[in-house]
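Presented sequentially are two complexes of subunit A, the first with subunit B as partner and the second with subunit C.
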Partner chain A sequence: MSADLASARPGLGLRKYWSAAIFSAQDAFAYRATAIVWMLVDFIPSVVMILVWQAAYRTQDQVEGYSLNDMVTYYLLTGIIAGALTSHAEFTMNWEIRDGRLTPQLTRPISYPLLVMCKETGWLVAKASVGLPIFALLVFLFRGYVVVPHLTPLGWLGFVLAFVLAYLILSLIGACLGCLSLWTIESSGVFELWWSLGGVLSGGLLPLELLPSALRQVAFAMPHRWGSYFPVRVLLGKVPVSEIYEGVLTQLGWVVALSLILLILWRLGTRKYEGWGG
Partner chain B sequence: MPDTPTVIQADSLTRVFSTYRKREGFLGSLSSFVRRETSTKTAVDGVSFRIERGELVGFLGPNGAGKTTTLKLLSGILHPTSGSATVLGHAPWRREADFQRRISIVMGQKNQLWWDLPAMDSFALNRDIYQIPERDFRARLDELTALFGLEDLTTQPLRKLSLGERMKCELVGSLLHAPEVLFLDEPTIGLDVVTQKRLREFIGAYSRRTGVTTILTSHYMRDVEELCKRAVIIDHGRIIYDGALRDLVQKHATHKLIEVLFTQTVASETCGRFGDLVECDGMRATLRVARDRVPQVAASLLGELPVADISIAETSAEEVVRGLFQERSAALPEPAP
Partner chain C sequence: MRYYADLMLGILRNCVAREMMFRASFVMSLISGYGWSLVMLLFLSTVVARVQALGSWEQRDIYVLVGTFMCVQGITQCLFETNMWRIGSYVREGTLDFILTKPVDSQFFVSARYLRLSALGLLLPGVGLVVTGARGPFIWSDTLLYVGGTLAGIAILYAVSFVLAASTIWFVRAEMGGLVYGLFDVMRLPADVYPKALRITFTYVVPLVFIASVPAQTLQHRGSPLVALAGMGLAVVALVFARAFWFFALKSYSSTGS
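For the complex of A and B:
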């Protein structure tokens, strides 16, 4: 029962967010099939790219410092990590704002964007739990290519920090995008555009080192690369320990900047909100 | 916070919405895609009133009159365009946590509980959102589920409950933190008449027991008649009446109803000579008669027709209010095209 898990909640004013995440995970488990489909959607591009690169590596051993084994491991890790990190708070917010479901939420002593982010986290937990067996199966199928990570304890700690901060960055981006619906009512086109660009700028399509130089510079200026791409590269051993912590600090900077942007968008947007739908 | 008797105060509260206009058809869509025409609508227009602690006030009005917008302004959902309001000493739209913990809103057309989970899980989430001590939570939950007869239903997924059961769960969820001010926006909408009546009984019983200050919006006159001593009638964003429903009837009812029972059949044409015939089946007739002519008409009926029984009643509040809206609609200018 939910009440059992929710009773293990943390103290202070964070209890409500913990409970929201727990109940959301339960809700997501009620829709296991949907969670499996979403996870498959996250893995399909990775598998396709592995097959494409297997053909490309027939004529060469290295591409920009990546061996075929690095490349296969990169895409498998990107599949599971991006799948476990990428929430879509913006679509939930867009739907709830357009449908007027936001209206009663504004009268409760809780931060609505934070509530949505926690609910999405519950979904991510459910999605990751069905994603792990798929990941294990793919690792088994490509076992001849998979590179086992060799990190020092400091490297592992850096990976954990990078993973958590990447999650916060992606969630905050989702919540900021969701706030646009307070102005535009229907913003899913903007979201699609953002995430389509994100597919390239976050290293989902190709490792960023392989992008043309102009595009690479754009990617390096955007927050996308601090999502799944950074922890994946840490796990692959492509980032020296000192640079891991520099990266973690940069991620922290993005978290602060995005939190401020979210605060401003939310304050301005809810002033304009008209509570559509009765 | 001082325990002042005035809990809700609105002064010249106004809210203007801007909307897009689109001409009909495909070409209209295309032209509005290129160039959008906007117009404004004043949903609440300089509304002022006070509500004392423990009052249960009904807001009546047709669709689009401004009832729900007023409620949204008072509960902090919307910012006003102009004017001011305080609820429990707070400006609602500042959305301070101390204010939000002391109010609650139930919207008949909006689910706040989790659709796929049992209501019990949503209640537990509310416990954490409102930081309700476990002992208080359990005691209130037991009391409210017993009052609403929901003991066996809170562990079933919400989607499996009927509309009436869901609305009761919504009410329980909104009362767990023992709010001092309760906003009920069309809580009986869409319910069958039996469930509407039961819900009204629950709201009345809860209100009497706790003394919670309540604003109820409805376009069902019955809700307001049964629950509220005071009614605020809103039309086109303005208050057109604020007071007791009984006083409204006495002040605005221009007619009374005379019901007559005959000892033998009387033709409807004959009855029609004495007043406006509401209904007539030969043995029974109901006539609508101007208030000042009632004694004279009653005497004529008794003298000229074979009357077995006669009774005189006030026009129903619903009819009075309907008449009020019709008068205002006729008096208002046609909207610009």
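For the complex of A and C:
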């Protein structure tokens, strides 16, 4: 069955990447307990933040235009969307580079960063699938607070585009970070720093409007907010339709820029790579 | 005892040499260690700045809470984090067989074989935050209870991490140890933000509130000494439970790899 699926579509040179994504998803489904654990890890901070805001809203009704209901919905959506979109290609690349497993990959007729991104996509599909029941349970538990999205068909289309482009942006960021290991061999410290800052700059910690102004300016200049934050705001109905499509174009710009950065980092990095371990 | 002290010294030498091989990553790990705690500090401070107080916790109490957790986290990550991750791979790859045949206590070995020295970097800002937020006057008994409570917090966090990691003997590919990262956010919160059912769970079932929240309240002269002492008692219970759990789990170990 796996061979049938893998040889399905799309054809041409992309088939091997498609197969890699399918095999990765099958592997993740076979060991779904891992996906459940990591989805729980993604959701716990969102629930924790909801609890803090519930305590905070005991003394007031609105914070920067957000009601408690908006805030609860914001964090639930952030939990599922960030969990479904955030791949960690960088850790896979770091591990393979450090252990010398990259060397045989370089002799194969594939683009290694693209292969890793596709494998991560398969894993994300499995993770998002097991995340949906958890999300449904949380929506049930917080049902008194959840705001149901009301979007026009154009708004929904904009959300789908924003979601797909957000995924590409986050995947490309992961692959660019992974390339650093070609120079440093071991870069997990850099990744941890990047993602802890990313938690702030992507709106995972707080809606960006609530950040101190200096930090907010940094957040608006970085690509993080075009990850989960933008699709979540679209779904909450906080972005007018015209601005959704402006945002989608900006996301597209980031995809192109990050693809170029990845290409440059990969070319320069593989020249420097020394093939440790193995 | 001397044997284990010598073993720890050897482990320390080996880990220093290992970390110094990748100096740039060591420095980044040192800095990134601050990341998540400072992120939570930013979150709680922003919320408190907008609503003045979170339950009974004001800004300076939040500093003590986050600072205390940074100290607990720094010490537990230094001593145990890498080891907890490796328990899963020992089970998956079957290398636990070799550990069980070594002339050393197996729980000691799987818990202490690796040190992550860069995590100790959390102690400096952690202590700084505690000193900044601490309320006067200085009371010896409260300070002693705070130190004891924090040590108890370290023991409880180790026990929780170890039980989760050891459960990979049954859930071989589940990476249960990862759940601790999610629970970090729970431990960093003031106890009174939880709804009643969760507060009871995190006090009596999985005693996470004793890791940072209870010691922080004690230092701020707001906690009951009895509750702080109960936390120390719970730490002993948690350690005994973790040891019993390990030997119970080992009965189900069937050497899946190798």
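Simple rule for what comes next: the second predicted complex is superposed on the first by the 277 of 278 C-alpha atoms of A that agree within 3 Å, B and C clash if a C-alpha of one lies under 4 Å from a C-alpha of the other, contacts with A are read in each partner's own complex, and residues count from 1 in each chain.
Note that a contact is a pair of C-beta atoms (placed from the backbone, for glycine too) under 8 Å apart; a residue touches a chain by one contact, two chains touch by 3 or more.
Quick caveat, the model's predicted, so the values are computed rather than measured.
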item: Clash-or-fit label for the pair subunit B, subunit C on subunit A; value: fit
item: First, second, both or neither for A:R108, with subunit B first and subunit C second; value: first
item: Winner by number of subunit A residues touched, once subunit B and subunit C are compared; value: C
item: Subunit B versus subunit C as contact partner of A:L210, first or second or both or neither; value: second
item: Touched partner set for A:L252, first subunit B, second subunit C, both or neither; value: neither
item: Touched partner set for A:T59, first subunit B, second subunit C, both or neither; value: second
item: Touching partner for A:S196 - first (subunit B), second (subunit C), both, neither; value: second
item: Once both complexes are placed on the shared chain, angle at subunit A toward subunit B and subunit C, C-alpha, multiple of 10 degrees; value: 80
item: Which superposed partner A:A33 touches (first subunit B, second subunit C, both, neither); value: second
item: Smallest separation in angstrom, by C-alpha atoms, between subunit B and subunit C in the superposition; value: 5
item: On subunit A, positions contacted by subunit B and by subunit C; value: 31
item: Of all residues in subunit B, those that touch subunit A in their complex; value: 17, 68-69, 72, 75-79, 95, 97, 100-101, 103-105, 107, 109-112, 114, 116-117, 120-122, 124-125, 128-131
item: Interface residues, subunit A side, partner subunit B - complex; value: 2-3, 6, 9, 13, 15-16, 18-20, 23, 26-27, 30-31, 100-101, 103-110, 271, 273-275, 277-278
item: Of subunit C, residues touching subunit A in the complex; value: 22, 24-33, 35-36, 38-39, 42-44, 46-48, 50-55, 118, 171, 173-176, 178-179, 181-183, 185-186, 189, 192-195, 198
item: Partner subunit C, residues of subunit A touching it in the complex; value: 31, 33-34, 36-38, 40-45, 48-49, 51-57, 59-60, 63, 184-190, 192-193, 195-197, 199-200, 205-206, 210-212, 215
